[in-house]
Amino acid sequence: MIRVTVWNEFVQEQMDVKAGELFPGEENAQARQWMTERAKEIREVHHGAIHDTLKALLEEDEEIQVCHIATLEMEECGLTKDVLDDTDVLVWWAHIAHDKVPDEIAERVRDYVLRGMGFIALHSAHPSKPMQKLLGTSGTLQWREGDFCRVWNTCPTHPIAQGIPASFELDEEEMYGEFFDIPKPDDLVFISWYRGGEVFRSGCTWTRGYGKMFYFQPGHETNRSYFNENVRKIIRNAVKWAKPAMRVNELVCPNAAESPESKYQK
Amino acid sequence: MIRVTVWNEFVQEQMDVKAGELFPGEENAQARQWMTERAKEIREVHHGAIHDTLKALLEEDEEIQVCHIATLEMEECGLTKDVLDDTDVLVWWAHIAHDKVPDEIAERVRDYVLRGMGFIALHSAHPSKPMQKLLGTSGTLQWREGDFCRVWNTCPTHPIAQGIPASFELDEEEMYGEFFDIPKPDDLVFISWYRGGEVFRSGCTWTRGYGKMFYFQPGHETNRSYFNENVRKIIRNAVKWAKPAMRVNELVCPNAAESPESKYQK
Amino acid sequence: MIRVTVWNEFVQEQMDVKAGELFPGEENAQARQWMTERAKEIREVHHGAIHDTLKALLEEDEEIQVCHIATLEMEECGLTKDVLDDTDVLVWWAHIAHDKVPDEIAERVRDYVLRGMGFIALHSAHPSKPMQKLLGTSGTLQWREGDFCRVWNTCPTHPIAQGIPASFELDEEEMYGEFFDIPKPDDLVFISWYRGGEVFRSGCTWTRGYGKMFYFQPGHETNRSYFNENVRKIIRNAVKWAKPAMRVNELVCPNAAESPESKYQK
Amino acid sequence: MIRVTVWNEFVQEQMDVKAGELFPGEENAQARQWMTERAKEIREVHHGAIHDTLKALLEEDEEIQVCHIATLEMEECGLTKDVLDDTDVLVWWAHIAHDKVPDEIAERVRDYVLRGMGFIALHSAHPSKPMQKLLGTSGTLQWREGDFCRVWNTCPTHPIAQGIPASFELDEEEMYGEFFDIPKPDDLVFISWYRGGEVFRSGCTWTRGYGKMFYFQPGHETNRSYFNENVRKIIRNAVKWAKPAMRVNELVCPNAAESPESKYQK
């Protein structure tokens, strides 16, 4: 059984209630209005919150159990050490409140990944603190809402691509376009085509320390990408691929006072 | 002309004066004693400070000019925006005071690298804040002072390996051994052999954003590695390789409101 | 000065004369007819042969000199050892007669690349013998003539991308689409978008032995891609990038009878 | 169940009988004498042939079944299409008769790997025809018999490294040293240290087409490395890792006459 924690920012879904608190002041009035309207749309698409959708798609696989839902409003973002100790793979969805995640929590996530926990960053998590701290790069890209997307499978033998056809289509998705500022991926599993004219390295893996990471582009909050069977399968595949091979207790620099050869030299 | 800033922690060289301030308290008494003795040794090896040695070896190449020396005790660590704007490649030596570099300065260095500045991390810079923030990993390794090191050239056509033989030897160097927790290098230019029985990926390149990075293992403070002609040439080669191809003003996510294809659809 | 040899199959340009010889028999009658018509079209686009176009675009750079034109009909395909000894970078265009290149000549090209010569494979060279022998993979892809292509720059700091914008367009080019069976590129410099709905890793680098390789997709024989300023610059940049760092006389496995350490053990 | 075919050159084991046939003539007299003596030594170490040792170590894992032993002296080298169709992973040991493998058989192996079959190349298989044809490079290195080897685990989370400690030792192994002419590995799983002073990238993975490859250095014919528990486990791990994710019937370039977008444009 793979124990998964789904972290959802869970801000946009509640914006009719929370916009005033999170985006105060005159200068944010238009943003608050836009977000209030969008909140209802998101809840309709997801029959609740984005983490409900993610939990449901993950648990279609009998090997996966979503043990924890964690959100920004929880204490320690819901990512206490107890929760992370109980997590094999952390799935991260976030969009508009990246800077509200305390540095300490983001550093904790990085530490757990380096010590073996898997990490799946979805869609607008590209500038999230954990992803930035793990990759080093800015994650910048260009974007435009409301495009048509065709995802091409460029690594058909990769575990994450198993059962996925040569390409599949998403009727409406946010365009993310190159140049995408990421470190060279270990494997470039998917490249997306957008009808508006852009391409994007949309499925990328990296190893960091003892942990494995996957970034996957689809998942704009008001689009139905997470109800696409291929997208669902890819996320499940990614969780299974990112399952820890091993976990280490701490990352330290030991003094090898005695050299391996010293036993032969005596 | 390539403008280089050499950042040297410049703490150990002054330890007979500064140990009390930097490592106060009873619990650090032994460390202070050890560092006081070492300070003199370092100054003898380097005929002054480590940055003097680095400046001298860099300026043996007519294309390279060390425009700035920056140290921990300077305001903003000597790494003001004016200095970094005037820097093509930043060379970083540090050892015992990584945590004294303010996060803000380390983030600034990361930002300049992502926007194009070259970055050369030497020896004990492996757990330095800029390197951690750029690579994401812990940089942990095992170590032991006072070994013999043979550096093997595993990428003979790389610009950093030009003029370097198949292998060369350092009579005394600190052993750094695997497992070295780094992201997969773009190029693994050197692997070191230690007489005590270890190996180490000692010369590694990465690209981060618009900037290039190189980590190079030799350079223990009391050893004479920086007076080895091959080491000197490698560091100069690295600076020339890391010279910015371009620099960008900011890293942002532009809204491509108008798609490239829209002009054809009208 | 970089000495370039342009190898052009130079078959399609002469097909009104040569089709009978190269594609004999009843079963090839339709192919001969089609190729005869195309021959005239190609000669018009290129004001002669494809190697004329390539020579002209290369020599716009004062550092590049096309010292040799080599074609299939020449003795030893024009690739004698004398010619290759006089070649820094070999540019390869071929399409319909890959199997007519003798294995011995393809092996010779591979040997020269492994010993340091640069190699630029253009467009339909993807299943050419030298590229297959150097990469190991099949180079298979999907294709369709007559699409619109937008080339995205996914590695803006790479030497081959210098002076190239974030994207540029080719009004008519043959679509090459994923899955492209190639080894993981060292650098993925360009990804192409096609209006028909495909993506393609269209600019890829590899290192093989002491030599550097670049594959670049544009260049269908009847399209005008080689008259596009960005395409022309990319090919020149690639030649300059692939210039040998060094050349070795032979690739052998020497017996290191005396170990490096033996001198210390006496 | 993973079906493995072990290909063993099986020449050196029989050299007291076969040297005259394989290495005829005056100029090979000394080689024949040396090989005759060595034949007996090899048979003693392996209690028979090298393929006996490999079969035994592989079948310690219940998931692995060695379905076929194939050798140079068999018709088609024992690698008929029927055998390869019945093979998930091909293990290749060879040393002194690489050139006796017909090109057609080596090309057949390459074709099966590109279409999904796993391939494990052991020790002196580095210049074997299948490895050369799959990697493109020369595989050259330096060597010396009779050294002590310590293998370092540089990729502890890789499937091939599972259950393997940070390092392990081989009391006697042939030294293989850098520069090793290989394409940049997908993963560099092991680096070896030799007491004589060299290092070697001794465990490397690559993907070629739909197939996975692993090269592993230990296995000199007269040494007992294949009786080391870590070596045995690594080879079993490699076979399990290289098990085909999928197999394809042929590698072709289909004409995508109808574009994916055409259905939307009607």
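Chains: A, B, C and D, in written order; residue numbering restarts at 1 for each.
Everything below uses one rule, namely that a contact is a pair of C-beta atoms (placed from the backbone, for glycine too) under 8 Å apart; a residue touches a chain by one contact, two chains touch by 3 or more.
A quick map from chain label to UniProt name: A, B, C, D = Trehalose utilization protein.
On a predicted model such as this, the values are computed, not experimentally measured, just so you know.
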*Any chain in contact with chain C as well as chain D*: A, B
*Starting at chain B, what is the smallest number of hops through touching chains needed to reach chain D?*
1
*Just curious, how far off is chain B from chain A if you go by their C-alpha centres, in Å?*
31
*Averaged over CA atoms, how far is the centre of chain B from the centre of chain C? Could you give it in whole Å?*
38
*Which parts of chain C, given as residue numbers and ranges, touch two or more other chains?*
150, 156, 167, 177, 184, 186, 195, 197-198, 207, 260-261
*Of all residues in chain A, which touch chain D in the complex?*
116, 150, 156-159, 162, 167, 169, 186, 195, 207, 210-212, 244-246, 260-261
*Complex contacts: residues of chain A adjacent to chain B*: 110, 114, 127, 133-138, 140-144, 147, 175, 177, 181, 183-184, 186, 194-198, 206-209, 251-257, 259-262
*So in the complex, which bits of chain B are touching chain D?*
150, 152-154, 156, 166-167, 177-180, 184, 187-188, 191-193, 197-199, 201
